[in-house]
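The letters A, B and C name the chains in turn, as written, and every chain counts its residues from 1.
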């Protein structure tokens, strides 16, 4: 196994690196939280990093020939290939360094994918990548809860009932997307016991985000981060609220911030306070009613949402994380 | 910083009794390939079984990755190639098709991945025997495509593949096509060269200014609109044009260093001098056809054979020169293309297109044979030649494409 | 032969439904007079991005053959009427799919008309609009710029007002009666029809003479050919950046030379450097890496890369330290920090005036909460 870079945990926002690996030239929406996530990701990782990005907004809107926002080396990979791309890049580097064909140094390898590329199409390849513990790599799934680049179609990560171009509320059927959001990070953590780091993250908590990236890149082996990214276009809200919605999704308990370091789970930020009973969860209605994609919701729909969130905190074996309850005997 | 290792396994030249798959596995070790990805599907996967054993025995230092699908297999080597690693992978039949997205982008990205195709019929129904349709599917994408006929040729052409693919003026992927079973599973005597010879022939892969590395910060494959894509396609077209000269030069050097090879890297001619009828085919079909041709010649009939080795780049000029000298061409396709012009096979259609501008055009007949691994016998070849002979004599082609060796009842 | 082409230049997503309503209604109204037409969005603008300028077209012809002549192209080479539904795009637009700054009136025919929804007066708009060699008419619809989002449409009758105005300024298209009939058949209520009629009645034009207006030469980009483009689908990365304005202190990232994105902006932040507590949040949370770090540790929003999302305003913990104000009040992208350094009292005065003005306006960027649009429409009717 190649060595890792010295990327210590950052203490306080004022110590977040000023260097940028992702700058202007991208053509994302105003207030694009995923663009922010790209920027934070590379801030934490630094310049000796290779980034591979699978198809999605962060491909098409970011890099449009002949311009690029990337300062670090960046390459496109296919929609379902973030796992393979990370493995291939890391393997190429590892092999050449071991055999003396390339100067030996720890180079961060990060592959990112959206929820469509990750939780849907790319799941098998991500799972495979997480089994190759001889390679140091990070797979970052930026989840804006739809196939946002292709014009907001429902993915396995789209919340129940949300309006998308594949699940529009209609005269006969109000709720077209009846699927509950896929619980991706725990699925990967539980399914790959040798993986040393799996976390959820959120661009609204910038310092926490930076430190999770650093932890993922320095702990050794393959790692996975699932980031929730408010999408002003698909969620339909004034772009200036990206940050606020990122916080609301945590404060309502709908999204749980945590990291699993070598099998040990720690809740972070507001999620931690909620779990300890220090902080009360805000009603999910406050979050839902701020977005046009839920504008067709009735009181019953909101209740379904609230009940599911309550259940995840009150009944799950690992509150908010693992949807398993203890049997009665 | 690049060095090519000298492998202890290959200190001296030696003979081995090995299959085409094993020959290619040895070529991987000789070429000091860095990253290899495997996924099981018959018949190509024999090569990966040999590679993994070489690695396990400490005879070959590579990153051997067992992928979870063919798609990942090809994606992994594609990305390893982008950072400058020499790569090898392969597949067969529908496995090759499962990887098709990755196969397509590898060519678009101009990454010199070398892949073995163990030719296999496409499902459904599941069938393990040879058909050429799997490999032929990449013919429009920017892959160089070569059909080998013997285990020796498999080893030799694998080495040539990296040499040509990794040439900075080419940078295109290379598929080495091997007929399933006949090559992948039959053993023959193969001369295995030394590391020293190979190192002399095959320089290290240098991705240069296109290498994805923090010392060379670039963005690869940004999305494009109609303002740009045609220019990119044109670049790939030009690279394929350039590959012709690179192949010729490399093949000459190959013959000099290893002391074997045909006059042309693109086609193999067999008794074509003054031939009235020339049979054209690809791959291991050469064996029964050569036998048949010898018997015809012994009987005083002027029948010759041309084996098309490179399907991409297509040897247009060579074939134009050879085939315009004969009266009739008998094209044997181990593939099908339902609904194609005259319901002919892929090779036939291409060849007829290549000969169209010629002033003196021979009669052309097509035979679909040996599908699904069915053997093409000497008798089958005789039947084809009879039909062609009749056409020459009557001046009438009753049917341009004929299925041979199929039960018509 | 008579073909009339109309383009609607709009803010991606925010005004997509608005633009669509306009171009479709044009075709429906033309049908009322036996003409034929088509309505389409420019394919290259898809998938649209919030705020990034995009275009939709309506082409109306006497018969199908005439229509075909125009449809042989992606984008008509010229249009009779350009409708600009956000006045801040008068400064020119950079679409997300193409390079270079396109003047708002680039496709407007000689003696054609540019319709703009705006609260600004004509002189102020002409200042922004690039000069042309030929005259064109400017018609202003006095109204607050209408923004909604992808799913929920804010029906403030902007579409009807534009269509009414269009009937007045481009009578060869169709009569107001045909338009009202078309609107009625599409299920629009009485009040909306009344809005169209009223706009028709009050529409005025002001001719913009050749050479009048913004003299800036818009940024152009020359496309490379296959022999000069790098092979392997490769382009060079952005530079690492360095000290503020090339100095040793602070930090200024390298910025993309070929795509600026600032024509996406309809609002921009103004910063009160004197109340800034250097908390870093505006800088840290900006998705567009738009803040330069000054030698004194302040954050200067660089207008070459700011697209006006407003996140900096939303995250700033100090009241009125970062305020989003209308882009219409600016004619350049100069540095606020440099202006402040040069003359602090004047800067404070200028900034305070802008902030106060913004508080009086209600310029928003789409959906705030369920029921919000109804409140906004009611508030604007009161005003």
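In this text, contacts are C-beta pairs under 8 Å (C-beta built on N, C-alpha and C of every residue); 3 or more make two chains touch, one makes a residue touch a chain.
If you're wondering where the values come from, they're calculated on a predicted model, not measured in any experiment.
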Chain pair that, of all pairs, has the most C-beta pairs in contact: A-C
Of all other chains, the one whose Cα centre sits farthest from chain C: B
Chain closest to the middle [Cα centroid of all protein chains]: A
Distance between chain centroids, defined by C-alpha means - chain B, chain C (Å): 55
Centroid spacing, where centroids are CA-atom means, of chain A and chain C in whole angstrom: 32
Approximate Å spacing (C-alpha centroids) for the pair chain A, chain B: 43
Contacts with 2+ other chains: residues of chain A: 47, 60, 64-68, 70-74
Overlap residues in chain B, where contacts from two or more other chains coincide: 217-222, 225, 228
Shared interface positions of chain C, touching two or more other chains: 97, 224, 233, 235, 237
Residues of chain B defined as touching chain C within the complex: 108-111, 171, 209-210, 217-222, 225-228, 230-232, 234-235, 238-239
Chain B partner contacts - residues on chain C that touch it in the complex: 44, 97-98, 223-226, 229-237
Residue ranges of chain A in contact with chain C within the complex: 13-14, 16, 18-20, 22-36, 39-40, 47, 60-61, 64-74, 149-152, 163, 203-204, 206, 232-234, 236-244, 289-295
List of chain B residues in touch with chain A within their complex: 1-3, 5, 32, 34-35, 61-63, 65, 67-69, 71-72, 75-85, 87, 101-102, 105, 204, 212-214, 216-225, 228
Chain B partner contacts - residues on chain A that touch it in the complex: 47-50, 52, 59-60, 63-68, 70-78, 80-81, 83-89, 91-96, 98-103, 107, 124-125, 127-128, 132
